[in-house]
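As written, the chain order gives the labels A, B, C, D and E, with residue 1 at the start of each chain.
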Amino acid sequence: MSTFMPMLYSAWDSDIAYSFRKSRVAVISSLLLLAMFLAAILAPHLAPQNPFDIAELSLFDSELPPAWAEGGNPAYLLGTDTQARDVLSSIMYGMRISLVVGFASVILAAVLGVTLGLLGGFLGGIVDAVLMRIADVLLSFPPILVALLINGVLRGALPQSAQADSALIVLILSIGLTNWVQYARTVRGSTMVERRKEYIEAARTLGTGSVAIMVRHILPNVLGPVLVIATINLGMAVLTEATLSFLGVGMPPTQPSLGTLIQIGNEFLFSGIWWVVVFPAVALAVLVLAVNLLGDWLRDALNPKLR
Amino acid sequence: MNDQSQSPDILSVRKVSKRFDISEPFLNRLLERRPKRILTAVDEISFDVPRGKTFAVVGESGCGKSTVARLLMGLHTPSGGTIRFEDSDITHMAPGKPPALRRRMQMIFQDPFASLNPRWRVRDIIGEPLKNFGICKTRAEVTQEVEKLLVQVGLNAADAKKFPHEFSGGQRQRLSIARALTTRPELLICDEPTSALDVSVQSQILNLMKDLQDEFGMSYIFISHDLAVVWYMADVLAVMYLGKIVEVGPKEQIFENPQHPYTRLLMETVPKLTVGGIERAPVSGEVPNPISPPSGCSFHPRCPLANETCRTVSPELKVRAQGAQSACHAADAGRLPSWTRMAAE
Amino acid sequence: MTPRKLLLTATTALSLAFGGAAQAETFRLGTNGDLYGLDPHSMTDSFTVSFLNHIYEALVRYDADLKIEPALATSWEQIDETTVRYHLREGVKFHDGQDLTAEDVVASVNRAAHEDSPIRGNIAGLVGAKMVDDMTVDLLLDGPNPLLNNFLTNILIFDAGWLKEHDALDPIDAQKGEEGYTTSHANGTGPFRFVSRTPDAQTVLEVNEVWWDTPQHNITRIELNPINSDATRVAAMLSGELDMIVPSPLQDSKRIEATEGMHVLEAPGLRAIMMGFNLSDQLNNSATEGNPLQKVEVRQALVHAISYDLLRDKIMRGKSRNLGTLVAPQVPGFDEANDEIPAYDPELAKQMLADAGYADGFSFNMNCPNDSYVNDAAICQALAAMFARVGVKADLTAETKAIHFEHARANETDMFMLGWATLPMLDGYSVLSAMLHTPGGQMGTWNPGGYSNAEVDRLTKAVATELDADKRLAMMVEAFAIAKNDVAWLPLHAQPLSWAARDGVSIPQTGDDKARLWLARID
Amino acid sequence: MTLLELDNIVVEFPTRRGPLEAVKGLSLELDEGQILGLVGESGAGKSITGAAITGLIEPPGLIRSGQVRLRGQRIDNLAPEKMRRIRGKEIGAIFQDPLTSLNPVYTVGEQLIDTMRVHLGLDHKAARKRAIDWLAEVGIPAPEARLDQYPHQFSGGMRQRVVIALALCAEPKLIIADEPTTALDVSVQAQILALLKRLCRENGTAVVLVTHDMGVIAETADRVAVMYAGRLVEIGDVAQVIQDPLHPYTKGLMNSIPQIGNRDARLTQIEGAMPGLRNPAPGCAFAPRCPQAMDTCRTLRPIPVDAGSGQVACHLFGEAQ
Amino acid sequence: MFAFLLRRIVQAALVMLVVASIAFLMFRFLGDPISNLLPEDATVEERADLREKMGLNDPFVVQYGRFIANAAQGDFGQSYRNNRPVSDLLAERFPATAELVLVAASLALALGIPLGIYTALNPRGWISQGLQVVSLLGISVPTFVTGILLILLFSVTLGWLPSFGRGGVVDLGGWTTGFLTLSGLKALILPSIMLALFQMTLIMRLVRAEMLEVLRADYIKFARARGMPNRMLHFKYALKNTLIPVMTIFGLQLGGLIAFAIITETVFQWPGMGFLFIQAVNFSDVPVMAAYLVLVSFLFVVINTIVDLLYHVVDPRLRVEKSTARGV
């Protein structure tokens, strides 16, 4: 306990924290994000309805406008869609899925990319060459196409009965496997720089093993840019998920993500029930915007050249 | 310390070379018929480090002096030759291996900012070898030992909790020294330990190193580009040029009467604190590209004494009258003018 | 004013100025898919064939009331059980100027009946054609066939000389990957000539001035614009870039009606939407032992769990017609008695499930297309919700039609959606033979669940060859009654037709969802 | 005649912990054609002083107070465009690293020609001719061929020669040379210094030579100003400052330089380190390290007084105020 | 240079092989074409027959070998859906996509670079800050939403621009162009804006970041110290150094444009390759999908090779022999 408070203070007092406190954009966007994370995580407790539980839906209540509009029902704050799903609940649950896909795919990509980048950068030689060629091949494809491809292959490879349940995993895998290259390249680059630094040579002369050098010495020093990429990638992953859903290869309509909600709502664009598309679209845009703003700030804050 | 050892030399290096392959990818070479590009960083050098003394290596950037340090520590594998630590051949031993031997030789690096992991606390940085070599068993032991070492190099025990960026350059170099001292090494390899420091701090570090040498009886390999610093530190001095030792011998003899034109050039360029020295004839030329070193004596393009032999035949190290060795055709032929400059006050 | 409108006005003005009686009218049609090609014998896609009906014609055709009427043949008679004689219309010219002769009909029928022909399945029983004289043709059958004329509406007639000239006498085999001259060129006798085509972008036809029939239309040019995205198609309609869209999404009807200068065309459709069951011994959803769906009471319970009215009013926006039997009212075989809609009674459904031993419910796979029928996925979602209310859990998968039908046909799903319009024969026999007959050979091709009833099989065989219309109808009604009793399939509704057109367009809207522009007028 | 005057300039960098004064009131003068060495440890404020003269302090840093005068005219408060015309034309600059000082995507010729055209109003042909002359002047062999080469085709020493040509080609009256030889090999350093010195003598250009290396000063400068913790501690003729320094810091500095031939067992060392710029203690910044520190030193800041050939800021000389 | 080119070609061939293999995998895993080819009521025998005819019953390796061999000759077989050789289909669709991507890319560059420079040169101005936020918004809103909004605004509400298709096109011997008719040009506006928006913001942000980086470089500082005018400093000295890395990224982005054209073409019923592709996906028209993937990666490889070559031309550090520079 005696060290905890000073540690807390030094974290609060650090340059990053200071620049965070000074940046209104960073504070606002992280508050927004926090709110959305909480809404997503606590959706089962907060949401008025569980839109994934079809037994809760009653078609009698379908297409109700938002509560404040004429004909609105106060039980459904943002109205309901054609399946009588509460739009607010759908957004909360949809955000949950979007965020799960976003985070999981970013973590997958980051872990894979960082590991491979570290190995390639530190070991060099054949390992590096092979890894970088794979990266080149992957980079030879626009990411959305790679995601489409992986998605297609995975779907084809999975048994039919598993598909509804596996949509989430397929999405995570296809987005994650598409994005690791960026991490790998960055980490490889940084690793190659760090590897030549004298503290690494020092560690080697002091008998520290290769794995320990990679994990304990290099890794902490290359994580800064990884964090930046991860943040920006989170936004991209959420968007990619939405786009895949729009193209019809994302989450099924029974478990809609934000992208699926927009895709479904898109069909009702002219029918007057604007709330089924506008609210999810705004939620998605705000989510991604907040993530991007935070990523922007983080990149500037972590860039030593800008200090 | 190791009085039972017969040999007066703690380390001996025989005909050690290091060549780096810096060729382009195979396909490019094949297509454009380019030869392999080999950088000979260290070219068949031999020397012995006397126990308890300081063996200094001096030369300009790119002459291979830092590569020598890394070869000795096992950070590079020699392309040829042998390195013996006392009676053990460590030529092809990986860094840190074998632990029993490596813990007896340690290294201090040039850049006080790059040689300490910025994310680690001082306690962990200095404690790393204590754990790796199994010197300390418990955390408490480590802490105790670290604090002791910090005091020894002129820092505070409380500094163990800090991060490197909280120290000045000179203090960081003290940390480096403390880390090197953890294993009580008998041989300390110092790669330009003060070149990144201000003069007033440099003298502190140099003095500290001398004190520690006196206290522990360590042998030093001291690498520097600054002849004045070497004058202060060295017992034995080797001058390197383009991967070769061009002159080696006891410090006094080399400084009093250098037997190689390059050594003389270096001496000339040491700025003297006497006003107006710049009017003397500046030396021409720069260090050539080590990838394609000049034929014969690699110094010949810059040498005022060069003749046809120098351009074609590579000179061998030969013992000169004073006991130092130099590799110079002019000295062989007695064409070397007599040396007058000796700035002793 | 868009340039297109400008151009239109300009040409109109021009033709008026020159005192032409015929007004130049371009009909800009937006559809949700493109033609597969220009050869009506190379594929079975009903939209493609229906549009090609503007270029090519058959011996007989459906009129605006879906009754058979003479077209290229003026009359026909049954010679014997396996021969029907057709007398051809005099003075019919192909677009390239050639006259229609019996030779053309023989070549066309043989081409369609060729063993490599992809549409061979549409003319089961047709063996070949024989020229009697220049204007008379005998069609040869393998037995009595009450549906021959229905089939013939789809056998469009090519010019034999033109086919020969372009080496296209053999049918194009899409499967073999041949590309024929006929895929991108056309020469028929129909009311419109082919002008140009850019796949997925536009197909243009112009009026055939020398058409044999008296034109009721006033169209000089047809531009077919495929627009797959519902939203974009409606946007194009709303922005005045199109004269008509087929189909018009149900949910956008209100908006279109509210827009000045356009309206929605609605009619009951022929396509019956239904759910099929896996009736094998084991559900694909392995959580449940055996197959509860094998029990009639369970299937019956599921029927009672469905609120037909709610589906119609909410999902189909009140436009669909609830259906208790497997064919739409316009199709022979429909019967009021069979069409009775089961009562919505979740309590009863639960009771029945409990009686059948599934008081705790069970779960099964449910598969739906998401791009095939009107609001298909939404219907399934609503169904799943309704089933959930009686304790039965349907794991819904909605997927693209190609994959959906593959899964359904392989019986990889426990409940699947299917829509059946009985086209081109427009007869209940289509349902009996494909969906109710025990699978095997040419029969039961769309009966993946394996429904089997000996009496239905017997009636189906009899219907196939019965030429007496009344007897035939009675047998079909009887067979559908058995199917209803067995809950062989779960019928939902007849899919509504919904088109939208700008004011001034008048067109008959038939249950087969085919826009017959030669019957349309535009001003 | 006085070319440059710095009058009590204060350079300040706003930071999150309040403003940080990197230069805390510095005054000095420089005559035409004179070479002034500005010496001190890293962090003493010498480079920032150089930047203050050229008006190139990196924002958000700024000259908080004081004046910079060139030939009696204030230049620290000029509009950016006016200052730009002075830079290059009146005041040139040479930076430490010749590897990064040249634009990698333009030939050295183009960079020379641009500079001369901007300041001398020459046409392209004339500028090109002058550029070749300049390359020859700074000792680059085959200047005509080298003119159209890119910086990366030059060695380090050659690049620094190009940099010198660039700094001098618009014929400024004053050059700020910030550690011009630090990045070079020892054997090349002397060549570059000699070149710089010769060219400035020939053109009558004054130089402010910023360096940490007393040896460089000794060989090159006419006068030397010693800085410590943002302040001038001593200024005087180079011979006097080197051979007979007055300020204890200068003394310590001179003595701590290892000298070949000196046989003392230990180097003289100044204990401790230069204090940070933040929270300066009252009194003399050097007092904590000063072997001759008195009580006044810890409380009163000494102001420069005339002594020897220049001035010194130390309580050992003159009265504190 | 030659070696570099050859290395790129070998690398490209490798990439293409991998892509072709992936494309082949799709044949194995994606929907069975048989269902699409035969009518709903085809018999089991007919199905089996067709499988046999199409070689779908051959061993995996045989099918793979056949596929690769054909693909190498540009033969991807026949589209299941369109009943025509895939190569013809793609050739027919290529101009539409190429023109769309070209216009979008030009738009993205023509706006992105100046805006990036502006925001870099005036980093604290309120216009720059505004642009920064707007650009973030640009990469935060899914492109399909922007597309639909564009249609809603400019077609439905204002009625200014067409909502679908390419408008009038002129056939120039196999290349259909929309550049030569008014309606063709009008039809290009909305889709290219939708496609360009995302890339434009990316380019703007990239240029800004690079420019800020370059403006901090020593050689800019030195040029400033020589009193070079700002105009020359920014637009000559800094810009060229800025655009070199931007060029590489743009090469990658061009591939992104081709891919994102899938979404644009879907929204606007643009008869290009992307639309063909997404329809092929829906119909499990594997030959088209495979060919599209191979073609796109081929284009991508070609674009990037060209960019690399340009890089060599523009950046003198790569152009000239390294040996004259001092080594290590």
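Assume contacts are C-beta pairs under 8 Å (C-beta built on N, C-alpha and C of every residue); 3 or more make two chains touch, one makes a residue touch a chain.
As the structure is a prediction and not an experimental result, all values here were calculated from the model.
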Between chain D and chain E, the fewest touch steps amount to 1
Comparison of A-C and B-D (more C-beta pairs in contact) | B-D
Distance from the CA centroid of chain A to that of chain E, rounded to the nearest Å?
-> 24
Mind checking the centre-to-centre distance between chain B and chain C? Centres are C-alpha means, answer in whole Å.
-> 89
Taking each chain's centre as the mean of its CA atoms, chain A sits from chain B at a distance in Å of 50
Of all residues in chain B, which are in touch with two or more distinct other chains?
-> 286
Set of chain D residues in contact with two or more other chains | 155-156
Interface hub residues of chain E, defined as touching at least two other chains = 148, 152, 156, 266, 281-282, 326
Give every residue of chain A touching chain B within the complex, in rising order.
-> 197-199, 201-208, 217, 220-221
Which chain E residues qualify as touching chain A in the complex?
-> 11, 14-15, 18-19, 22, 25-26, 28-30, 132, 136-137, 139-145, 148, 152, 156, 212-213, 216, 252, 255-256, 258-260, 262-263, 266, 278, 281-282, 293, 296-297, 300-301, 304
Any idea which chain A residues touch chain C in the complex?
-> 53-55, 57-60, 62-63, 82-84, 160-161, 163-164, 248, 252-254, 266-273
In the complex formed with chain B, which residues of chain D make contact?
-> 41-42, 155-158, 185-191, 193-194, 197, 212-216, 218-220, 238-239, 242-243, 252-254, 256-263, 265-271, 273
Seen from chain A, its contact residues with chain E in the complex are 133, 136-137, 139-145, 148-149, 152-153, 155-157, 235, 239, 242-243, 246-249, 259, 262, 266, 269-270, 281, 284-285, 288-289, 292-293, 296, 305-306
